[in-house]
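The same chain A turns up in both complexes below, where it pairs with chain B and then with chain C.
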Partner chain A sequence: MKQGFRQCMAWLHTWAGLIPGWILFAVFLTGTASYYRGEISAWMRPDLRFEGSAPEATTLAVRELQRIAPDAVSWLIGVPTAADPLIRLYWRPKQERRFRDAILDPATGRVAERGESKGGEFFYRFHFELHLPPIWGRWIVGACAMAMLVAILSGVITHRRIFADFFTFRPGKAAGRSWLDAHNALAVLALPYHLVITYTGLITLMTMYMPWGVQLAYKGNQQAFLAEALAFTAPPRPAGQPAPLTDMAPLLATALERWPEAGVRRISVQWPGDANATIILSRGDGPELAIRRRELVFAGSSGELRDATGRDAPAVLTAGTALRLHFGRFEGPVLRGLFLLSGLAGTAMVGTGLVLWAAKRAPKGAARRGFGLRLVEALNMGTVFGLPLAMLGFFWANRLLPAALPLRAEWEIRVFFALWLLAYLHAALRPGRRGWAEQAGVAALLGLLLPVLNLLTTHHHLGVTLPAGDWLLAGMDLGLAGFGLAFALAALKLWRAPQRAAVPLGRMRAEGA
Partner chain B sequence: MVRRAWRIMRGWRWPGVLSRILAAVVGGYALGALVAIACALLLPFARSEAVITGMMLSFAAYAGAVLWAFAARSAWRAWAGLLLPALLLAAASWVGRPA
Partner chain C sequence: MAALALGLAYAGFLLLSLAMDRHHRELLGGAPPRVRRLACRLGGAASLGLSILPCFALWGWSIGPVAWCGVLTLAAFGLVALLAFAPRAALLLAPLLPAVGFTAWFGLD
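Coming up: the complex of A and B.
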């Protein structure tokens, strides 16, 4: 029966991995990009970087919000940090359900009008919403994450020689075998990461996926639950009396005194023009492992400290640790670099798994491929190479679209999806090695030439950023060119190597998966 | 190996496989939800702590249920193995619910 059990798990691993595989690949890759979402946003709006202090940024932000949205229901200010150096403004006008957002131009003190771009936020939102209506996107990504968890567990069970295979790589062997080795190595190499990132990903949206405890214990009152879990209090209703907002600087000083290392990351103001206005300062990330949500609540008109929220109860801290591990918001470049590498390993693990599925089923010689296999092969090529190609194209769109184009941020996204769609069409029309080589070639050109494009279109190219030691922008340029180089090597290898007659894996002694 | 597994699965016949998939996806979610509820109502923690603990554990229960649904010897056993703990959790949550 033991053998049967392992085979059932192999079957489960195959299908729980394949069916959500293309979405998982996109979730993994955009999620990996999101570790650098602040840097990506800064690269896309290089003129808007703010290098002053948090109180200076706040003063500018409040002044501008007072000008453009004095009657808003609430304001939200994203205070810039070294890794995310843009001053972000969000405000919800009366009679609107959604927040509007903009980035403040520190040079003019006004909302930036030209060069609109979603920047790294696009990849970040795509990572868990797939650019669909949020409810749909989040449930689909959640279902795929659950399948990922099952695929990881069943993969480990299937994998009998987990330690030995860690050192096994047989490149250039028959189709299927090398892919299997690569898939195993990538999976085992970063197994703790894969497991943790998948589970903590489910935890980030657990109140949506598993609301039943709140339903029964709190009669469905999510606000009451959050209030109790994090010791939050609801801000008072508006008084209907206008009143000027107090000066923020002393409030920030109070907060920075309490949180000298973590600092203030977000400032929210409820009913800014009202006598009952409330100012809430949220703590940034401290040096500790867990994200600890802390808020200082001030009366908006008097500046009096009303409340200090946040709790360090065990379950809350556990969840906070899970969130921190998922977001990877750590200070040191080495640790973030390791998260990046692990994320890429996860992406490649999903990618090699998808390719392996098709390689194992590819018929020998000129035998006809069934529709299912051709569909999987096209989806594989258009996802594994097409998505990074489209993502690099997103960076190109950012530099090439005219600054004053109406709906410019929307057009960047349209370029991204158009390129991705083209990649799928190309994959359907040019199946096989040549197709892969061509897509890799295009991705290589997009990556390698990006620093050149930057030189032609901005004043923030490597010739300026490298001598100035501006590692944020230089690192982006070099990193993206590095991806281009990797694709160039892949393209060369794919172009040169002859079409080898594939040996079906069924003929070999079955090992591993 | 997968191919051999595939042959075995074909031996299960499709109704059985579909039944297992249903047990895994729907039954597994139900079991996860019941774990979340039982923790929320029964754990001797502060209410919010119990709710958070339950939410965090529910996905492990869901994953375990999915593995069970495909590891069980037959589709019937798969369902039975999910229903039994589900009933126990539901009964315990009902008996131990806060007044």
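Coming up: the complex of A and C.
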């Protein structure tokens, strides 16, 4: 191994980027979609959006929870916001370990029975669990994120002309050169984002990936750690005597007075209906960067304020800052738009890197491609174009599956995976430019026709939402159609352009790819 | 005000690119003279630095820098795309964008 440092790093960059690359692409793309998780969920259940105030939503939620789960161990209410306008109910019945969840239909005041959908939650969970058992998914994504960090840093070292080529993109050059330019520009120009998002992503699950600090300092008592670090309130014991729950409105008024900007985001009730019931109001995100956990704890029967928790220790604030940077939970369209753009840049960076790997190794002329190269090329096509295609198909499934179908949310996910699998099969059967063009064409149709499908299946199409200034739904429609347009342009270009001669391997290497 | 930040960042990046031989040749022809190269570098850096101010004003001290990174990325992507596909427009936008930003800002007040 008589090699220079830079060559070493180039090798590392190549393999740390390629091996987890397909998973990283999926993690980046579904993560980017998760910036609009609330909007996607609202688009998928447009009739359930709630436009009233937080106290009104709470009243409705408590009334319904008292009807369906009066004896639950605990209730959780997700208070709607402008970006996430659904009233979410969670409750844990006695003798059950997991929460059940539902969305409240504000028109009837009852839990919505029809049109069940995971909505944006599906992309969000997929982003860090890959739809696997959580523990498996999180470890796999964590390992890939670590490789991503390695790939980013080794990529910066490998990139010899990082400043000289800062603004360089030469689309007309040989295919390999253009891909390399695009990969470099996407990586370098959004470098702060790539670094921060990968690092903070690891931070979100740090106590799982690196549990030793907590094990040592708290003698393995995770609860004690959470109580101290996040000021979790220990759950009360039930008194065993029934007592009616107090009116929530004054409690909310107290909270909103304290948190005029951030508002109340979550309401949790322990042992509703018991004399020892406890009500906890959690604050939303404030105007400062760090996520600060703030909770007001009330006695459930009397409504008396028991405790106001929240800590601003430096470590807690640091973690809160990292989390806010990762979640990109910001008010206002501009900042989230910038996160969306950066997320797409990250996705495209991984995608161009994958394509570049194959382009550099493609044999000239009619020489036979080895199995490894063909495998990479099929995985590339099925991931880079197949995944967005399947994601758009998820939106179609949401509109086309019958509202009363049993396990409807599950079927939406099955449609998504079926489409993705088909994309891989297609990629294996139709390698090369034509295959790419066909997948782009299908994705283009799915995106561009989505507003038409909306017109045919709902009352929330662009003809209604645009004049009404309903930018949440109109923005979703236009945005998804915009992705369709981008795929249409890609399909046209791929269909028309002739097969270019592959760039000689040696030259690309010499140029320090 | 976001438009002003974007405009200043874009103008800054364009000036920095003009200090480089390749882009100067493409946009204005020939290599840049020494003095112009220096002026472009200083002006570009100053404009990039100034572009953080509207971000502070709009998003506050703690979120402002985060937004600034995003604005820089957007401006740089815009410039790279324009340099590749519409170099003339790339040059034209440099004075135009900050001007629009200023008008939008004062127009709103």
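Criterion: the second predicted complex is superposed on the first by the 505 of 513 C-alpha atoms of A that agree within 3 Å, B and C clash if a C-alpha of one lies under 4 Å from a C-alpha of the other, contacts with A are read in each partner's own complex, and residues count from 1 in each chain.
Note that in this section contacts are C-beta pairs under 8 Å (C-beta built on N, C-alpha and C of every residue); 3 or more make two chains touch, one makes a residue touch a chain.
Everything numeric in this text was worked out from a predicted model, so none of it was measured.
By the touch criterion defined above, A:Pro171 reaches chain C but does not reach chain B. After overlaying the two complexes on the shared chain, residue contacts for A:Phe371 are found with neither chain B nor chain C.
Of the two partner chains, chain B is the only one touched by A:Tyr218; chain C is not.
The contact surfaces that chain B and chain C form on chain A in the two complexes do not overlap at any residue.
Only residues 1-6, 8-9, 32-34, 36-37, 39-41, 45-56, 58-60, 62-63, 66-67, 70-71, 73, 93, 97-98 of chain B touch chain A when the two sit together in their complex. On the side of chain C, the complex with chain A involves touching residues 2, 13, 16-17, 20, 22-23, 59-60, 62-63, 66-67, 69-71, 73-74, 76-77, 79-81, 83-85. Contact residues of chain A toward chain C in the complex are 164, 166-171, 185, 189-190, 192-193, 287-290, 325, 330, 334-335, 338-339, 341-342, 345. Interface of chain A with chain B (complex): residues 1, 4-5, 7-12, 14, 16, 146, 149-150, 153-154, 157-158, 199, 202-203, 206-207, 209-210, 212-214, 216-218, 225, 228-229, 313-316, 318-319, 322, 360, 505-506, 510-513.
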